[in-house]
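Here subunit A shows up in two complexes: once beside subunit B, once beside subunit C.
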Partner chain A sequence: MQENNSLLARLNPAVKLGTLVYVMLLLITTSRLPVTVALLLFAAVGVACSGWKLSTLVFRLVPYTVLFLLTFWMMAAFGKGETELWAFGWFRITEESLAHAWLVATRMLAFVLLSITFVATTDPTRFVMSLIHQCRLPVRLAYGFLAGLRFIPIFRQAIRTIRQARRIRQQRSIWPWQTFFAISLPLFTTSIIRSERIAIAMEARQFQPDRTYYVRPVVTRVDGLFFGLVCSITTSLRLFV
Partner chain B sequence: MWCRNLTVRYPDQDRDVLNDLTVSLRQGETTLLIGPSGSGKTTFLHTLAGLMPETIEAEVTGEWRADGTVGMLFQQPDDQFCMQTVGAEIAFSLENRSIPRDEMEERIRTVLKRVGLDLALTTQIAGLSGGMKQRLALACVLALEPDILLLDEPTAQLDPHGRRLMMELIEELHHNPNVTLVLIEHQLEECVTFADRVLVFREGQLRLDGSPLDVFEEKREDLTRHGIMCPLLYPYTLETIPLTIATARFLDGPPVARRPVANETTLDLTDVTIAHGKRMILDQISLTASAGEWIMLVGRNGAGKSTLLETLAKLLPAQSGTIKLFQTPLKKWRDRTFYRQVGFVFQQPEFQFLKQTVADELAISSPSPARSQVADALQHYRLEDVAAQSPLALSLGQKRRLSVATMLLERKAVLLLDEPTFGQDAETTAQILDVLHQAREAGTTLIMVTHDMELVYRYADRVVVIGEKHVQFDGAPDELFRNESLLEHNQLIRPVSVRYQQLEEVKHRAGKQFVARTP
Partner chain C sequence: MNSWKMKEIIVMMMLAVACGVLYLGWSTLWLPISAIFGPVGANWMFGIWVIASPLVAYIIQKPGAALIAEVVAAAVELFTGSHFGLSALLIGLAQGIGAEVAFLLVGYRNFNTFTLMLSGMFAAVGSMVYSLVVNGFAYYTTTTLLLTFSLQLVSGALLGGLLAKIIVDSLVKTGTLNGYAVGRQQKRRAA
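Right after this comes the complex of A and B.
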């Protein structure tokens, strides 16, 4: 997650999340391709406004494009249907399965784009603070979550070291899950110890739910405007396309 | 602040960590706690900080009270934060005290300035060095405006430069009459000069209580007998220490005696360039290492010492230039044969272990281990008692010994070590050095990253200073310690022994003995 100066980044994170979830709900409830494509285009506009550079965006989207193609192929080649278009071995593409494949794949891509829009424009600290203030998330849970976020770079470093150690000591596993356990076990044990230490340090700093806030996201008129605008546009897309 | 008949016992343990402790500390006093590990010092601080028994589960009896706000600073720089950025982290302390939002910004800047950190409030904590993190942690504690400040080995995990800055800050706090300081610290040399009182803990009880002079001068032999570390020089200073006492003889001692380095090249680097993405780390460096040579890499934090080690271990590719092991470029070595010749000891031993028991861990360290070989190693590294335990359940010192043992079970041509003595107690350090010394005598090339200049003086055949992407110095330790500007520039500190010897030389040239002042 990261924050930048785009308009979307300045919105209240909870409102932004609510709005995007609403669009996702619309996506789930429709089974018409034109509507899905229209909403997909809308989501693409969102991503374009997220303030990421085009190169970063393309780089981040590559895995999802692959996923898109895979989903499309799976649904098209193995779906049910009457009117056969093309068949080879186990693969049998029919008109119905092709239509279904388009629907599912575009829906998935729209979900991905909406999520990326959110992730690209939201600072985690502000998001959690917004959840405390706008959604009444319990303070202890919220700060615990924030403390947990710090583990991600630490994990990355630890995994790197473990892989290096396995290479140096020439340990290869026959099955993938052995690698998984070999890496996760030391991570798990060290993180239990660490999280306990962090909890003690937080308590020692007199952590309590009764507090003031350094970051205090509020809902402004811009947020309301954004919510209203997006909801009305997408709802009309849903109803009239 | 006092406690009376304080007894603490952790669940699932059969003896008390603190046993019937009665002590009171006066306001504005600076107290130094010393004692062997496991003697209850940290538990005592946790109790005073009000963490027992609510946060840390334990059976606590007796009475204790602290008048005023208590702040506590912990040993691990990384494990005290819960936010992403510097500003938010300090604000967390202020939020807990319900300070109004408009006052926060200014207060944050004030404490940051107080600990000498000149950072933007949006700086990511993850990118800071250990020393900076610890100073930030101190800033967070100071933001609580504590009357009582508890410090649990605040410099143990820092490099010498960070340690010196931290110690200066602590001494400054000591001069504030409103702050009561209680300090656990193994860097006795620096803090004994300003401590008002020393408490010696052993087996959960208070054994000695007095001024530093009482404790360290009169009871020195007593303490040493029980394996409790004493400051090296105190009550003297480098200038006034008499020639006759044991410390002076130690300081005057020459580097460890060893065989001359053989004339057989192991690793050979020519014009090696290493980069992370577009950022260049090392630019065209050349080095040659011989069999049985102990080379130490020193330099600032982030100078690229660890990166260089990783490249030598074939873990990171070099952008250009050639690295050869026994005249064959690294690229042509196959992993299987290469890693029988080259070993690597990581900075964090816990991530180096791959098996469920200590014995298994040793057994995989050699392609065809004889049973006796593993048994010998267990005995040699004093790991017999824990042979069936998980490596992750070992103590810090045991983990470190095991990590070295796994790499030296088979004779290696080259052993790369990333700060193997960092954060270790004196005993483990001595033992590791002994083992490494033996490996060196057997013809292994040792290349070791370290911040400990005393080690450089005592053991290094050659010292390589890395800074600003280049090799700034490559030669004998003696030569480095005479080069004032080079030391200064790379944040290196001359070891006490060298300082002492240089002083002695000056005295000698002056032609007369200085009269030792009695303190």
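Right after this comes the complex of A and C.
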């Protein structure tokens, strides 16, 4: 979310996203554990370069170990296989499912590290700007998205307020979807009213697709170097490990 | 894109972002449930993750709305630090394409309960294709896989399509949607 001064943060966001998606594609297309582990280590190098302090990184990574264990457990206990190792209730762990569990959970962890690398070094505004200039994203869509992003904290606050209001009135629902209605309906109504105001405000200020820009993101030689280097390293990892 | 009004674009973005924030809470809820009941038991929850497409497409009723809404909701998940991260973006793309195909099949004309539920089911298909390739669903036992898939289809139709229909119809009653395609459609029906 926040930008810092690391090398990764100075790269062009669109190029960075493209590179990371390429690494993800490599991860998807391999079903060999050593390759996946090698790419995972590579992703770990990426996270280490993201310019976050070690304590912040550890703090951010702890929740993901839960997800890792969960993915591992789901594949191990519900995967198919012949040689049974352990069975309890509807859980059944076999040798094959255990091997697959390692593969899928490692791949998932590599995905997590790649996305942390991206999120930690990318400012959303710069990212959208570079999508406009490098990927020809329609301008009205892009600015609409930016306006929407500004409302994430407001929406979170709104949800909190609604829940507190429900609690103080002792409104409890029997079914989960009643809770969903009680929270989503007021949230959607207010967001529709707000978005209409925003649209009017933007049009009143002559917002239009042909416009000039304060900052115009460009693809530099460093971006090309980064793309080429990461792609060649990961591709050779994929082919030769 | 030129036929879109500014307010239609903004309302699509805002609703998609709101859905993304809801998805985030839903993802947190999903973790403990899926650990206990496994991929089958937790999948009744699936439908909520595809609600952005039918919701926005029903309000705007224009080509592309379903796809863009789902991708935007997924992007919000990415930037707010969801535990699904970049894979949320890819799966959002798969789900959005699925939902969009459903509306394409009816020629962006009949936005009724059936079409919306169909889009929820097609989003489930898109998500399943992604999970088979990426999340190793092919390694699950055949019964687990079939149960998961059928549960996702039902959940996509009910929690995705039907719920979106109910929500938008209640939103229309509040009068906030009078200036959009769905409000006009209801007014025509009433007249």
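Annotations
Definition applied: the second predicted complex is superposed on the first by the 239 of 241 C-alpha atoms of A that agree within 3 Å, B and C clash if a C-alpha of one lies under 4 Å from a C-alpha of the other, contacts with A are read in each partner's own complex, and residues count from 1 in each chain.
Just so it is clear, a contact is a pair of C-beta atoms (placed from the backbone, for glycine too) under 8 Å apart; a residue touches a chain by one contact, two chains touch by 3 or more.
Computed from a predicted model, the values in this text were never measured in an experiment.
In the three-chain model built by superposing on subunit A, subunit B fits alongside subunit C with no clash. In the superposition on chain A, A:Val215 makes contact with subunit B only, while subunit C stays out of contact range.
Of the two partner chains, neither subunit B nor subunit C is touched by A:Gly51. In the superposition on chain A, A:Ala165 makes contact with subunit B only, not with subunit C.
After overlaying the two complexes on the shared chain, residue contacts for A:Arg205 are found with subunit B alone; subunit C is out of touch.
Contacts of A:Thr189 after superposition on the shared chain: both subunit B and subunit C are touched.
In the superposed model, A:Ala147 makes contact with both subunit B and subunit C.
When the two complexes are overlaid, the chain among subunit B and subunit C that reaches more residues of subunit A is C.
In the superposition on chain A, contact is made by A:Trp177 with subunit C only, not with subunit B. Within the superposed three-chain model, A:Pro124 lies in touch with subunit B and with subunit C [touch as defined at top].
Across the superposed structures, the minimum distance from subunit B to subunit C, using CA atoms, reads 6 Å.
Subunit A uses residues 124, 147, 149, 185, 189, 194, 198-200, 202-203, 207 to touch subunit B in one structure and subunit C in the other. In the complex of the two chains, the subunit B residues touching subunit A come out as 46, 49, 51, 54-56, 69-72, 74, 76, 78-85, 87-88, 91-101, 104, 125-126, 140-141, 144, 310, 313, 315, 335-336, 339, 342-344, 346, 348, 350-354, 364-365, 392, 406.
Those residues of subunit A whose C-beta lies close enough to touch subunit C in the complex are 1, 20-21, 24, 28, 60, 63-64, 66-67, 70-71, 73-75, 77-80, 90-91, 96-97, 100, 103-104, 107-108, 111-112, 114-116, 118-119, 124, 138, 140-141, 144-145, 147-149, 151-152, 155-156, 159, 177, 180-181, 183-185, 187-189, 191-196, 198-200, 202-203, 207. Put simply, subunit A touches subunit B in their complex at residues 124-125, 143, 146-147, 149-150, 153-154, 158, 161-162, 164-171, 182, 185-186, 189-190, 194, 197-208, 210-216. Contacts from subunit C toward subunit A in the complex involve residues 1, 4-7, 9-18, 20-22, 25, 31, 34-35, 38-40, 48, 68, 72, 75-76, 78-81, 83, 85-87, 90, 133-136, 139-142, 144, 159, 163, 167, 170-171, 174, 176-177, 179.
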